[in-house]
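Take this structure, written in structure tokens, and hold onto it; I'll ask about it next.
Letters A, B, C and D name the chains as they come in the text, with residue numbers starting at 1 for each one.
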Amino acid sequence: MKKTRLLKNLMLSLLIPCAVLLVLEAMALGKGLRLFANADSWKLFFRAVANVTLTTFALSINLDSGRFDFSLGAVSMLSATVAGTLAQQWNVGPWPMLAIAVAVAALLGLLHGGVYVLTRIPPIIVSLGMALFYEGCAFAFTGGKGVSLVTRLDIIGFSTIGHYILLTAVAVALIVLLFDYTRFGANYRALLSGQKIAVETGIHEIGNALGCYAVSGALMGVVGFISLANTGSQQMALNFGSIGVMFTAFLPMFIGGWIGRYINKRVGIMLGATSMALISLAFARFNTASSVQSIVSALLLVLFLIYLNNEFAILSRFRKKQDAK
Amino acid sequence: MEPILTVRGMDKSFGATVALRQVDLDVYPGEIRGLIGENGSGKSTLTSIIAGIQKADAGEIRFHGQPWRPASMIDALAHGIGMIVQETGTIPGISVAENLFLGESSRFRTPLGLVSRRRMELEARKALDFIHADHIQPGMPAATLDLQERKLVEVAKVMVKQPEILIVDETTTALSQKGRELLYQLMNSLKAEGKAVIFISHDLDEIKQVCDTLTVLRDGRIITHFTRENYDDDAIKTSMIGREMQGDYYRSDNEPSWQEDVLLRAEHLTGSGLDDVSLQVKAGEILGVGGLSECGMHALGKALFGSAQLTGGTVETEGKAFSDPRQATKLGVGYVSKERDTESLCQQASIRDNIAIAGLKHIQKKHLILKRRETAYVQKQVDALSIKCRHMEQPVSAMSGGNKQKVVFGKWLGAGSRVLILDCPTRGVDIGVKQSMYQLIAQMKREGKAILLISEEMAELIGMCDRLLVMKDGAVQKEFLRGQMNEADIIRYMI
Amino acid sequence: MGKQTIRERIPAFASILGLLALIAAYYIVGLIRDANVAYGLKAVVNQSVVVALVATGAVFIYTLGSFDISLGAATGVSALLGAMAYNATGSLPVMFLVCIGVAVAIGFINSSLASVFNLPIFVTTVAMMSVLSAFMLILIGWNGAGDTIKVKARDVRPLDNIPFKVAVLAAYIALCWFVFTLLPTGREAKFIGGNPVCAKLSGIDEKKLAIIASLISAIGIGLGAFLTIVYAPTLNKDTASSIGMDVIIAIVFGGMPVSGGPRSRILSAVVGAFSMGFLSQIMSMLNLGSGYGQMIKAAIFLLVVFIALGSQRGKLLTR
Amino acid sequence: MKNLKRSLCLALCLILALACIPAMADGNVKIGVLVSDATSSEALAFRAYYTEYIAKAYGVEFIYSDELTDAAGEKSAIDNFIVNNCKAVISFSSFDRPAQIDQCDAAGIYNAVATGTLTDEQYDEYKDYEYYVGAIGPSMDIEFQAGYDMAAYYIDQGMTKFGMFGGGVPYYVDMHIYRAAGMLTAMVEKGGEGANYKGADNAGAIIGQIYADGGIDTGAIGNLELAAYVGGYDFNDAWFGKLSQMVGTEGIQAILTVGSGVDVLGGFISGSGVKLATVDSFTPAMQEAMDNGILDYMAGKFAASIGPIFAATLNAVNGQPIRDSEGNALALGQGYWVATSSEQFAQYCAVDSSMTDPAYTKEILDQYASSEVSYDDFVDFVSQYSFDEIVSLKK
């Protein structure tokens, strides 16, 4: 009984990624291509899984608690900029650089949380201000030059499938442990749906919120590092040029939420991110024009949301049809 | 005998509002102490300070003779004082076990620093068994529990710590008879062990039945104490409201009466927990609906206003059918929700906005809403209902429960509703205001309005209704007429 | 019955105080930097008027508690199609109508998508934003004249003057104010923003209001698009792209809660848009360079919001 | 309430304190600079030359605009310059050139175009405007040629299989389209009998085809092959994927980029053996890329190439605008330096280090930023932009 249910849950969890894979592979075959043609495709796929998974974690940690965060992109940009610059100056390899990026990003997250906690300005507005501020910082820090590490083969060489899998696995494991099996996580989940009760019971909301911002920041530090190590350069962005990152995490977050009914929520997010990574891979393999890409992504987002928000109605109509047969 | 708990000279204010002034209180071992007072009299504030939810501005509390300064609710509970709060105290998104050990997950830390869910759930099982809540599973998400089960989880959460003092704040309204009896039993066993209980309730009958001593608060002060021997309804009520009750409490007449026209007619309502309910309310009639909290009567209220998801049935007023709140409002049907704060009012909005919102079409003149007319419209309701406020721009969030309910009444009366569906209109309202509301309902009856009164308070139903429908499991079990209602009969059909 | 005390009224005026402080700072910095302060005032009007228009309309959407991030892209698409229509017909009225019409169509799609399928507006508009931006690029491709779509500058120059723009803005604000305060719409919208359940149980038709709100805001977008063409008749793929974020900031600057509800005010948008205009003048006079400039700007933004919010230190963190 | 007041005071003090720092440098001639790109290495090198070298050497203050994205932004920025009493505007932003000139003319401040040139019709309309200084920079022909030369360089080495990065091509950026068209034209011309790009076999037709498509199609061009193409600046996973895929394309020999090649492709190129060619600027980062074999061919402007337009602008501000015999404004072309080896690159950098010893030093510019300079002298001076000529100028 328990076993069959477990199996059923596992199958439902894998439903979306597998369906996406099948559809895309079929489309690829139709075009005479293979989705996974060579090592590059695999690398792209696992990099996207890592990026999207971590970004979606970073977004959902705070968004689930009703805290919008427009500054994710700016945090990843600024932490990568600082880490890249220091790696260049101190001539350190990828692992120390990753550590610097994570530490800096966690501090940036903490600062963001600190401003929020001190001023009590609604989080969405604080995040707008912080996004602007961090973009400005990154620009000022490098004089607008950004970072170029294209000649640092040790750092560029970090971009391997193995490392991507390692980073994703470690991040998922840590996040699952942190949010489902620690005191911090227990408090977090309590605050999530019962803010008032939790605070009155004696849970320290401020500390928890600061922790969330720091963790979310640290994740974006990894994302920034991955992208800098991948291309070898970090471009600057001003005037909210960095906020686009946040939007890419919505669809995987919703998909993850759906999958999360059948399996651990964070693993669900990873599976959602996997689906998105497949779509990214397909865009690259089919060399889809970017305007088509953005329209397709937007349509997917809307369609999935339509399903989610009308699931009950859709399912009952479907069942009625079944019954009629 | 030495008191376990002494409170001396406690002050507390919220901004300009003084909640407590110079409160002294002693609680002795082996007693069940009732706290009673109108809304805003300071009962909840006093107990929440004792339980560590908030801090006093001044004064001293001693527990077992030692100064008592809990850092939080958890801290207080760990050191012997636990409280079951008035509102829902469980968090829906986490499991029962996590709710039971909210804020204490570190107790289940493994050597690796992680929290052991298995151990937590084992402990939770014990706690639930302790209060005989065998049917609740510790691993279930709290969201899947019903209101009563959630309250039981809260009870278990407090009882597992075996507190020296248990504070129960208006908990029983959420419990069925069975749940109540369970709670009384627990309270009595605490009493037998020489511990103490502080019990807060609006229900005078209940409090008299349960408590050994009774302390009355008014406007943040302790007014007087009663012991079981000298309980006297009138004396208690008088001390609560600070004056003698004038006139009738409920209706004075004892005969059912109504006019001929049917103002509200419902046929075969099914769905949302209702099972083929049909009824009609005539002009000048007060139709009561009673039952246990989950019997479907609240869903019925919503369904009659067109805001429930039904699978079948029709509702019409004066021959015109309607199926959503918008049409209902247009046709002169008003609905006062049981959830006053979340469904009947917009908290941040002013008194003005809240009263005017349903009557905009009456305020409009040539389609325009002029502030002057609006002010006059609102002022009329404020005066008619004697709503206590400094000015009508005040946000309703800062008002007391009774005053808020008056605003809700004002909203529908101003809009000229001929049919009023009142779901627990006096819930959490203090006696003084309650009385004026009953008089208001009686007056609406005289004005020929059709009133559907849904209530969990038997006395109120018996006191006010021309006819009473008793519901159980979503269906009407029995109809009583005014003059033929008696509590024992009614309860028989309820359960 | 008593009246509100001055102290109770302060929050309503905090944002105006913020604007006044910025104006004062503008004059002081202008004095020190020997700037052409009078010309600067004109520049502020020119630069703020489009944001003010779009933001004023957006107040309706924000009041409902929704959050629209596609306003900039909608303005851009309306402007591009307006310009193309002008080039096809040579008629300013046609251009005007196309701007408004396109904006209304987009608003209608947005709101009906959201209300028919019960979608959260914010995410819907995120999707809408990327569709519209992609569409702008496609339009430029169709137009086939390089990276821009141009209207002859001299054709629109007669309209490119402050009195005309201020008149358009004033007329639109008057319209919005009328709908917001003299018709039931505004009150109902505030109620929905404050407590949607209660609003529904008070007989308010939420879907109808969502559609009305997006139509009114669409008029603002259309006017904004029209004035964008008038101000700078050469349009490209990024035309008006910054307006989406500017509008959010303007509304917040103007002291309106982003969550909408009863404390929403029409004038917030104008106050906010002009505050931003003055702030950007101050920043340009200080000539701090892009990075530091933006850091200071962010700090001032947060500071002004902080002041406008007053001290609301509850026990719980705001969400 | 107290809190409110305190914060307000704080805000004011902050602004005032800030205002006083740059106010020290007051009294100088102010020149506004319009930029639509604030972050590319070329833009930064230009900016450093102006703000670090020229500003000190000539006692002028440059006020830079934000990174502009549209014509409305240009107009607002010029308004801000006018507020700041700037005497002239040097423009690196080309969303609406005529509007910029009109606006400056109406306000009575000088306008100079520092990148690209006006079209012939535009020039005819504005050449006699009092406040139009003129344009110095690569014309579209020079851009076309830069692309052509780049492709020809590799074809002549016998390479046949290419990739191309189109940058702003999907956004219809003229400069990038002309460079890309130059590359394709070289392929068509050198691709043997009957070579064509989608049926187009001459420069004009190819340019037209790219404008029509908003992109570039891959495929054989005669006996050459354009095996992969990526455009745009999406910076998302799929886009990076396309880029890395392009580098990994079977048998690809060189990737021609219309710009920022090292920034977007550098990471993928390392160790792949594929040659990378780009149009960029002579910065240390590029030098390093070239030293490490990541960058193989670079056409670039030297940072000080914007010196002459400053000289012309300063002359105009000082009341002696440089005009030809008929009183027309300047319209001068200026081409790229091309480096194909580390040594060459190092030489170039040695001649042009923007902070201390730029290609156009104050000494050189002073000869032309003066009342005595004649139109012909100036034209002659600008035309000597090649590396060797500059070296001899410096001597």
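Of note:
In this section, a contact is a pair of C-beta atoms (placed from the backbone, for glycine too) under 8 Å apart; a residue touches a chain by one contact, two chains touch by 3 or more.
Since this is a predicted model, take the numbers as computed values, not measurements.
Shared contact partners of chain B and chain C comprise A.
Most remote from chain C, judged by the distance between CA-atom centroids, is B. Between the interfaces A-C and A-B, more contacting C-beta pairs are found at A-C.
With centres taken as mean Cα positions, chain C sits 30 Å from chain A.
Each chain gets one centre point, the mean of its Cα atoms, and the points for chain A and chain B are 44 Å apart. Chain geometry summary: the mean Cα position of chain C and that of chain D are 34 Å apart.
With each centre defined as the average position of its C-alpha atoms, the distance from chain B to chain D rounds to 72 Å. Multi-chain contact residues of chain A (touching two or more other chains): 139, 143-144, 238-239, 290-291.
Contact of a single residue of chain D with at least two other chains is seen at positions 38, 66-67, 170. The list of touching chain pairs reads A-B, A-C, A-D, B-C, C-D.
In the complex of the two chains, the chain A residues touching chain B come out as 177, 181-183, 185-187, 189-190, 192-194, 197-198, 200-203. Contacts from chain C toward chain D in the complex involve residues 7, 10, 14, 17, 21, 24-25, 28-30, 32-37, 39-40, 42-43, 46-47, 50, 137, 140-141, 144, 146-148, 150, 153, 228, 231-242, 280-282, 284-290, 293, 296, 299-300, 303-304, 306-307, 310-311.
Contact residues of chain A toward chain D in the complex are 38-41, 43-44, 47-48, 51-52, 139, 143-146, 148-151, 153, 156-157, 159, 227, 229-233, 235-239, 248, 277, 279-281, 283-285, 287-291, 293. Remark: chain C residues 1-4, 8, 181-184, 187-188, 190-191, 194-195, 197-205, 261-263 touch chain B in the complex. Interface residues of chain B, counted against chain C in their complex, comprise 305, 307, 325-326, 328-330, 335, 337, 342-350, 353, 356-358, 360-361, 364, 367-370, 379, 382, 389-393, 395, 411.
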